[in-house]
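Dropping the structure in here first, questions after.
Think of it as A, B, C and D in the order they're written, each chain with its own count starting at 1.
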Amino acid sequence: MRLQMTDCLEAKGGEVSARARAAELGRSYLALNATGRRRFLTLLAEEFGPDRTQVSLAVEALQAAHSEEESRRSERRLRDSLVPHWRRLLMRFNALPEGVKFLVDLRAELVPMAKDSPELTDLDADLRELLAAWFDVGLLELRQITWEAPAALLEKLIAYEAVHKIRSWEDLKNRLDSDRRCFAYFHPNMPQEPLIFVEVALVDGMSAGVEALLDEDAPRTDPHAANTAIFYSISNAQRGLAGISFGNFLIKRVVDVLEHEFPSLKTFATLSPIPGFASWYASAVEDGQGPSLTAPERRALLAALGLEDDDSGDSDLVGRALAVEGWWRTTALSEALKAPMMRMAARYLLTAKRSNGTARDPVAHFHLSNGARMERLNWLGDPSPNGLRQSSGMMINYLYKLSAIDDNHEAYSDGAQIASSSAMRALVRG
Amino acid sequence: MRLQMTDCLEAKGGEVSARARAAELGRSYLALNATGRRRFLTLLAEEFGPDRTQVSLAVEALQAAHSEEESRRSERRLRDSLVPHWRRLLMRFNALPEGVKFLVDLRAELVPMAKDSPELTDLDADLRELLAAWFDVGLLELRQITWEAPAALLEKLIAYEAVHKIRSWEDLKNRLDSDRRCFAYFHPNMPQEPLIFVEVALVDGMSAGVEALLDEDAPRTDPHAANTAIFYSISNAQRGLAGISFGNFLIKRVVDVLEHEFPSLKTFATLSPIPGFASWYASAVEDGQGPSLTAPERRALLAALGLEDDDSGDSDLVGRALAVEGWWRTTALSEALKAPMMRMAARYLLTAKRSNGTARDPVAHFHLSNGARMERLNWLGDPSPNGLRQSSGMMINYLYKLSAIDDNHEAYSDGAQIASSSAMRALVRG
Amino acid sequence: MRLQMTDCLEAKGGEVSARARAAELGRSYLALNATGRRRFLTLLAEEFGPDRTQVSLAVEALQAAHSEEESRRSERRLRDSLVPHWRRLLMRFNALPEGVKFLVDLRAELVPMAKDSPELTDLDADLRELLAAWFDVGLLELRQITWEAPAALLEKLIAYEAVHKIRSWEDLKNRLDSDRRCFAYFHPNMPQEPLIFVEVALVDGMSAGVEALLDEDAPRTDPHAANTAIFYSISNAQRGLAGISFGNFLIKRVVDVLEHEFPSLKTFATLSPIPGFASWYASAVEDGQGPSLTAPERRALLAALGLEDDDSGDSDLVGRALAVEGWWRTTALSEALKAPMMRMAARYLLTAKRSNGTARDPVAHFHLSNGARMERLNWLGDPSPNGLRQSSGMMINYLYKLSAIDDNHEAYSDGAQIASSSAMRALVRG
Amino acid sequence: MRLQMTDCLEAKGGEVSARARAAELGRSYLALNATGRRRFLTLLAEEFGPDRTQVSLAVEALQAAHSEEESRRSERRLRDSLVPHWRRLLMRFNALPEGVKFLVDLRAELVPMAKDSPELTDLDADLRELLAAWFDVGLLELRQITWEAPAALLEKLIAYEAVHKIRSWEDLKNRLDSDRRCFAYFHPNMPQEPLIFVEVALVDGMSAGVEALLDEDAPRTDPHAANTAIFYSISNAQRGLAGISFGNFLIKRVVDVLEHEFPSLKTFATLSPIPGFASWYASAVEDGQGPSLTAPERRALLAALGLEDDDSGDSDLVGRALAVEGWWRTTALSEALKAPMMRMAARYLLTAKRSNGTARDPVAHFHLSNGARMERLNWLGDPSPNGLRQSSGMMINYLYKLSAIDDNHEAYSDGAQIASSSAMRALVRG
């Protein structure tokens, strides 16, 4: 293998032959099993990095430079010497029939390996850099996806949808209906592979729950009469492009396109899950930071649980209610849980932070970075098993108000200030 | 302008806004005149290079590294610090509607400026590097161009053809006829802009002259009966991609495609100009290294010139013959000049070198690098004014023999050894 | 309505306006319920036929014609006078956005009405004639349908498949896999509507049963190694084109295409249902013409049924066996039924005729008309509920041998002679 | 040949074989010279007409019919019997690779033959009827043609342009510029063959002359600011479709499309030649109906001709002025001729009729039939040699006012009433 790699790099017979040999090497890689591939990549990472002798010489030259021109020349030489040898080899894999896809898929395998193998970190970072140049958003194409799209493409939506699983082709067709829109970014060298896609419903008023949107039997509405566009699902489709972000571009481009096609739209908002709530809530309860109840809340919960007031602890009551099978279908329980749980969720969203000060919830972080604000919490917005598990069935709307996006973004980027509606803030206060 | 540039880089409001501002900056650039553009680029080159403080710190860190991991981390940091600030700005120009074309055109202007302004060299080299990554041949598409192509594309062939000027749409149509092929590389983000294109004639036997190929009234032949593919014109279309080479890939890909479509093809060769001959010949004559004549050659020339043998010097005779208006239409003159001039041309092609030992003629260098060999010199292969001026009307066939390409390439790359037919070598010996 | 029709025909304001009014009339039609539509069509048929006065006058003129030229002129006049007024109106419906589809759908409704309403017969016949001119096979396009086709088109295959119901998108995907082919005819004015389509499996040896072909988990085979193309489903998709036949063209065109793509194919055959067998068999039994059993057959049946020989009648035995729930999964019963039932099926296929002498089975008639021959009967070729009901699970291969097609066709067309293999004929003899 | 034709009709081996044989027959036809083709068509016309015996029998049956149902059946039988045999043969030519185009081209040759060979009239009429069904405007596609269109299509515009010859590809490019539009009807089976096309200029105010429109150096204007669309050329492209009219549909569809794309357009008008003027004028003069001059007109002419008043006759003066080489470049002559010639032209346009009462000028008849009105006569609107020859350089604007089109059409169709502006009518009165 090492010989084959060296061979590809030394390029006897010129660049054309070198690429042909790289293509062969690529095919060997594809024939390997997981262990073989890890060995392949480790070999690449350990033996085909930058040439340290050249780096040292270039550093010396830079330090010895006497003129601006010498400095510049040395800088350039240093920069060239720091380019690892594997880079040239990776680029040559392009010679494979679907070379770009090959590299994206290779990185999809490399990313998890690099997590526990520090010797692969540089290779991964470098491949990310290469892919970032190729997948620069300016080179991508935004396309609307409709029911007229090839089945071979549509089945990828089914496979890649990460937020609300697509249950069937009928479910998919409903999401591509005339009162819906689906947009994706594509790379010209992977024309049948969506990179990221968003699903939008054109509705009247900001949606509070996802069930209505996914109901295949719901009547189709007139999109030209809709006043609100709800982004109810955004999915990254290529694990190999992890760390290269398109989401913010996608949302803004889609807002532009929709504004143009449907002048009646006034509100652009998401209907989003709160994926990190459950685990945060669990540790909050463990730390004795669970929901504290007001007296009426306490009474309502006791009543709903069919208990007499027995002075048992607060958290216990909420926990007992949540432990009741199907609590969310029982009006009394659901009503009694609503206020304390929404308070907790608002607390989580608005105050729980990562060590660097940004929002702890990953979806919140994504939309806040894009300049959205937290608008409304929706009790039982997603009573699917997954929704109940993640966030006790709650969902949130992030609002994209065009005039405020830049300010929101900046306030969040600079000082981790979270934009939110007064209603959200009121929830925290209880 | 500087403020606007800084603004684009500092990215208030996030990447989306930063790109929007870069697009504005790009539009300002387009509105500038030549002087303004040079100032713009110089500003970019001088004030938005790498951050030297960061470079120094990174060098120090590298030198202080104590472990393999620290070394690697420092190398990466050093590499990042060496990336000039302008790079990010250049990439953001992608946000323009035809951003890739914008950068290619910008570099088309930058290249000549950088020739006489050393402060622009780095900017040019860096932009070349960026474009080289985007225009990697693996990302390009090879397309056949026919008379069915959009007129808007075909008029670009007329504009870009660099070897044998296309005189009219009828001339163009003839070059796209059923016994011809035209192929070009395209970049997916510039779908209507050929990057490089080649024109091929499917003929019987290796063509000796270009006039027959360009004759619009010549009968169309059956391409499936042809045994030879003649590459009679290769033109680079984008000056902004200077230094990024596709030509060798193009020829080999086209050979593959043609072999597949026309199994009867046995020979793949060019019919090429010898653009550097005239100037080399002039200085050879000046240095007293002009053609030395055999006695019969001398007699023939004297007769053709209508002179008696008057013991005048050799070179003079050839010079006098070439000075006769329309000598190439006069059989006696043309015949008398043939032997000495072809000897000189063979000498030029086979022995004239650049300081680095490679062939002096640029077209020869291109085909030799690709693994072709010099096959046959053709007297009066191109009696057009340009052909007469460049090479006294001579043309040469370079032969692409698939089994020999890699060896030829290597012999030329390693030791500047020029592959040639025995006939060519015999010409030099006279 | 009558007024609106007259209005469309009298064309105040010219042809453009007349078409606009016809489009309106068409929209009114679409808004009617079934009764309204029948009334609409009856009105058209009864009041907008040919002008009888004109016909009489033209007949008189023809009879009075004294010269060849007068005869010709009168013939033409007579022909014109016989064109019903509704014809012009029907053509004008073309002005609707999908006018051709409108007329095809209108006829889909008209056909069943005309069955029991003689006053609609002419209208139906005339519309068929109009559509036959537009849907002339020379104007149609043969297209391969793959998994790359739009979902909106593929869901029509699911809806229109008439032979072996497509159970799911996975089933469909299997039928479009690399070792399958699906072809359809399309009309250029209905680009997303298949008119007729055929499903083909590329296999090794002539398929004996459809289950293997429809098994989504069966391994994909290399189509380039296949020696046999099995046409296992042909479905007409547009009821409105009843009586206009494309099937014979489709099969021959597809055979051409496949021969060209897969030179290894040697055999082209169908795997077809025998849809008329069950009803013919029932009446045969009723008429005392049921299967007569040989002594061993009789013994085998008795044994399989667990009966002693009790001298009960023949037909009874077969009938009792067929009445056993799941007989086809019980080896003994299935084996005992095989010989007598295949004999009956061969008798049905080879000897049962319609009053005009052609084969009684509609699928047999279709393939015999196309020049195929009956090749092989397959016991339990289709053990689906439908297959068991129609033909006790039997299927038949019709063989398309190119060199024999024309002779077979002619023998069948002229004298209703049925081409068959000796094996088939042997079956009848028992 | 007769045998081959009979063979195609008798269809041994079925419809598929019959079509294959028709394709062969079609290829034989293409191999014939003009005489051969005439013989071929005459044979077809004379020996493959309707079956007279069948016609007589059907007539008898019709006359003997006793019930409504019998009448209907007989009518249908009569109608079928009147269909000539050649019809089936013509339809089968569709089996040729470009069968529709074959028939259109065949008719292009038949039309002129039929003019002087009455025995071909019926064949021609019948082929026209067949093509009329296939080329029904509802089956055609309106496409915009731009500079992005295939060169192979654009060169057909150059070939087919019938009004103002396209002089070069640059001329063509100018006519397809951003302030122009070109639309054509296409048949889906002849996707690269325009059937009829119209060229439109988007301008400010109603154009008075064609020179400005055809000036390649004229500045491009902003089409979104234009208030007038000028239809300055309409050309039928297929002689084989003579007698099948699309022009009126084309104009109205294009008006619709333009109104939608450019809401600022207020006026839709043509700038048209007056092709029949010259010959009408010549005979008017011959009949002593030439221009009668007022005294001032007479004086102006004499002065412009440099003559004294010598009592010479009126018409002579105008004739002498027109006979002056380049009169139209001489202001005095041109000015003096303007009033009398425009009076004559207005007289021609408004009063000259064909025997059936419709306008004598064919272009006028076309636009009046479409519901346009004569709006303005333009002196020296087309000073090209052709314009001068046809109409002494005059052109006319026909105005398409949407609200008046239907009324104008009807008034013209019913009573040959010509819609015109008061200015036009004033001209006649002088």
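Definition applied: contacts are C-beta pairs under 8 Å (C-beta built on N, C-alpha and C of every residue); 3 or more make two chains touch, one makes a residue touch a chain.
Note that the structure is predicted; figures quoted are calculated from it, not measured.
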Legend entry - Count of contact steps on the shortest path from subunit B to subunit C: 2
Inset, instruction - Hop across touching chains from subunit A and tell me the fewest hops that reach subunit D. - result: 2
Inset, instruction - Report the chain whose mean Cα position is at the greatest distance from that of subunit C. - result: B
Legend entry - Between A-B and A-C, the pair joined by more C-beta contacts: A-B
Inset, instruction - Determine the centre-to-centre distance between subunit A and subunit B, using the mean Cα coordinates as centres, and give it in whole Å. - result: 45
Legend entry - subunit A and subunit C, separation of their C-alpha mean positions in angstrom: 52
Inset, instruction - Two or more other chains in contact with one residue: find those residues in subunit B. - result: none
Inset, instruction - May I ask you to sort the chain touch graph into line, ring, star, complete or other? - result: ring
Inset, instruction - Pull out all the chain pairs that touch, please. - result: A-B, A-C, B-D, C-D
Inset, instruction - Write out the stretch or stretches of subunit A touching subunit C in their complex. - result: 147-152, 154-155, 169, 173
Inset, instruction - Could you pull out which subunit D residues touch subunit C in their complex? - result: 12-17, 19, 49-50, 52, 55, 59, 62-63, 69, 72, 75-76, 78-79, 82-83, 91-96, 99-100, 118, 121-122, 125, 130, 133-134, 136-139, 188-189, 248-249, 252, 369-371, 405-407, 409-410, 413
